[in-house]
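Read from first to last, the chains carry the letters A, B, C, D, E and F; within each, the first residue is number 1.
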Amino acid sequence: MILHTVNKSPARSNCLKSCLRIAPHGGALMLIEDGVYASVNNTKHSQLIVDALTRMQVFVLEPDIKARGLSGLLIPGVSLVGYPGFVELTQTYDTVQSWY
Amino acid sequence: MKYTLAIYGAPYSSQAPQTALSFAKSLLESGHSIYRLFFYMDGVHNASAIAVPPQDEVNIPAEWSALIRKYDLDAVVCIAAALRRGIIDKTEAERYEVSAHNFAEGFTLSGLGQLVDAGIASDRLITFGP
Amino acid sequence: MSNTKSLLIVNRHAPYDGMYAKEAMDAALIGAAFNQKVSVMFMDDGVYQLLREQAPADIRQKNTSLTLPMLDMYDINNVYVERASLQARNLTEENLLIPVQVIDSVQASELLGQQDIILNF
Amino acid sequence: MSNTKSLLIVNRHAPYDGMYAKEAMDAALIGAAFNQKVSVMFMDDGVYQLLREQAPADIRQKNTSLTLPMLDMYDINNVYVERASLQARNLTEENLLIPVQVIDSVQASELLGQQDIILNF
Amino acid sequence: MILHTVNKSPARSNCLKSCLRIAPHGGALMLIEDGVYASVNNTKHSQLIVDALTRMQVFVLEPDIKARGLSGLLIPGVSLVGYPGFVELTQTYDTVQSWY
Amino acid sequence: MKYTLAIYGAPYSSQAPQTALSFAKSLLESGHSIYRLFFYMDGVHNASAIAVPPQDEVNIPAEWSALIRKYDLDAVVCIAAALRRGIIDKTEAERYEVSAHNFAEGFTLSGLGQLVDAGIASDRLITFGP
């Protein structure tokens, strides 16, 4: 089982789309850095994450959310984790695939 | 678990070094170990000994050096990526007869084989892209 | 200075991956110090630079949005945001830290066309 | 070496802006030299690395595609290309410099899932 | 009149789309570096350039086309220029807006 | 016409320096002039005096130095962008007490005002993005 990390904004880069085309059912998605903009609700790209949530868990790095002023704007169902939670996820999953 | 972290981004141009530093501190504090830090592509600039960020900004190369010292980490900088980008140690500076060296303490210049070796020897390899 | 030109700063990048936000602000303030006619435009992910309540302490960076009020202090009143960029991100002027003029794509195009100098960030 | 692991090189970047193409090839060949079970996957703009008739002399770069036949010389036979990435670019196997296995997104997903080590480029 | 340069692939980055949303009628587009991939015919993104050609000139930097092996694959109507031609275009147009 | 070229990308990580070099040579050969080269963001690495690219690759910092010498160009490197990225001249290295300096001949460290000034004084400002 793979943890996929995405660190680019979905408006700027195709990383998230490519990741979600490949991400296996049962894997998980971890949004970090500018990747966290994908977790904002009701945007042009939020349907990507809404759809992803029907088949996989989606985690977002809370320090990156707070940094960018996005705390009140998130898609329901995404899970906030800190750096320690991010570390734990990399133990739960067998490998990490980074999309950048 | 034994981790290897591969850092591909430069300080101040990419958030990757900051994310990798915070990730590294978290995993070391929770009792896991780091088999190797591998600095590649623009990540080689993390090993600059002569970066002078403003005093009110985090000094990322200095933070790496402190972390490496505290936990006695193996921190390898890809030699091919570093030399073409102007990161060079004393030995290589003498070999290539360039006027100065700028390689920070605690890091080691070595080949890409050290990344593949680290992938084999570690339980987890995490890439922090630029 | 007799040689006054129109100078537009174009912001298209989100704030905390790289130094674009800080460097664009530096350029705007220097342009004003040089007595040029400075305008600033935010579009694409650049509009995220304007969001309220940014708190980057935990990612070890400075809050670049805190310098935005400097624009007004330097009499840079022409601060534009492209509407399509806001709408794509479900943002309105209420989400933004400083007052801005929201313009459509045609107006943005005209704005670009009026400039003597364009600085890209 | 008793400790043989499966190693996948993921290529997602076009060849001449940055060194991704060269560095990914270096990593693949070193993986083979370490006697690991090496696979290489091209997707997104990475498939452009495989195009025939690249001629970068006028942009003052080396032709990175010329090293692709080294994969076969190092017995790296598992070279995959994601079909959707080819199709989006109006490319077929005939456009490519070396023989590859074209796989769909599900197979690409399975390939990723089988790996002990993934190196991203 | 503005010369717009785009140096990123349309599959990887939103630069070209943003440029074409803003580019004024009568301006021109200059594709350089990875931006030249947008000038390949019959791709997922080629309609952007086909449409742009109805209202503006589209130039591509020939050294970047040759480097990438794209010579036979271009959308009819795009104009190939070398570095001297690129320099000339920056004289013809009043300002240059770089999308990257 | 008088040009200013602003270069934002680093050698080997971005094609921007190569494109800017070819553009600069073309315009100078066709009789135009360069008011200023301005190296900003990761473009500051173009001014490294200690980059050692492989012998079969173009040495971009060396090409800039040669072009600057040949045409006596004004080549300014943004001091704030350079110092935080580990590009530093002898004067600043002494001021900040760092162990070495790596600033190539022909370039000048100065402030961002030099970019704004160049925009005002030039007929054309072309940005080569990373």
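General remarks:
Keep in mind that, in the parts below, a residue touches a chain if its C-beta (ideal position, glycine included) is under 8 Å from a C-beta of that chain, and two chains touch if they have at least 3 such contacts.
Nothing here was measured: the structure is a model prediction, and the numbers come from that model.
By the document's definition of touch, common neighbours of subunit A and subunit B comprise C, D. Farthest from subunit E, judged by the mean position of CA atoms in each chain, is B.
Taking each chain's centre as the mean of its CA atoms, F is the chain most distant from subunit A. By C-beta pair count, the most extensively touching chains are B-F. Of all residue numbers that take part in the contact between subunit B and subunit F, over half occur on both sides, making this a same-residue interface.
In this assembly, the C-alpha centroid of subunit A lies 33 Å from the C-alpha centroid of subunit E.
Computed centre separation for the pair subunit A/subunit C is 27 angstrom, with centres defined by C-alpha atoms. Inter-chain spacing, taken between the CA centroids of subunit B and subunit D, is 26 Å.
Computed centre separation for the pair subunit A/subunit F is 38 angstrom, with centres defined by C-alpha atoms.
For subunit B, the set of residues that touch two or more other chains comprises 12-13, 15, 19, 22, 41, 57, 80, 125, 127, 129.
Taken residue by residue, subunit D touches two or more other chains at 16-19, 44, 59, 61, 116-118, 120, whereas all remaining positions touch fewer. Of all residues in subunit E, those touching 2 or more other chains are 7, 11-12, 14, 33-34, 63, 95-96, 98-100, listed in ascending order. Chain contact topology: the protein chains form a pattern that is neither a line, a ring, a star nor a complete graph. Taken together, the chains touch in the following pairs: A-B, A-C, A-D, A-E, B-C, B-D, B-F, C-E, C-F, D-E, D-F, E-F. In the complex of the two chains, the subunit A residues touching subunit D come out as 1-2, 14, 18, 21-24, 27, 95-100.
Taken in their complex, subunit D has these residues touching subunit F: 16-19, 59-62.
Across the complex, subunit A meets subunit E through its residues 11-14. If you check the complex, the residues on subunit B that touch subunit C are 12-15, 18-19, 21-22, 56-58. Interface residues of subunit C, counted against subunit A in their complex, comprise 13-17, 44-45, 48, 51-56, 58-59, 61, 65, 87-90.
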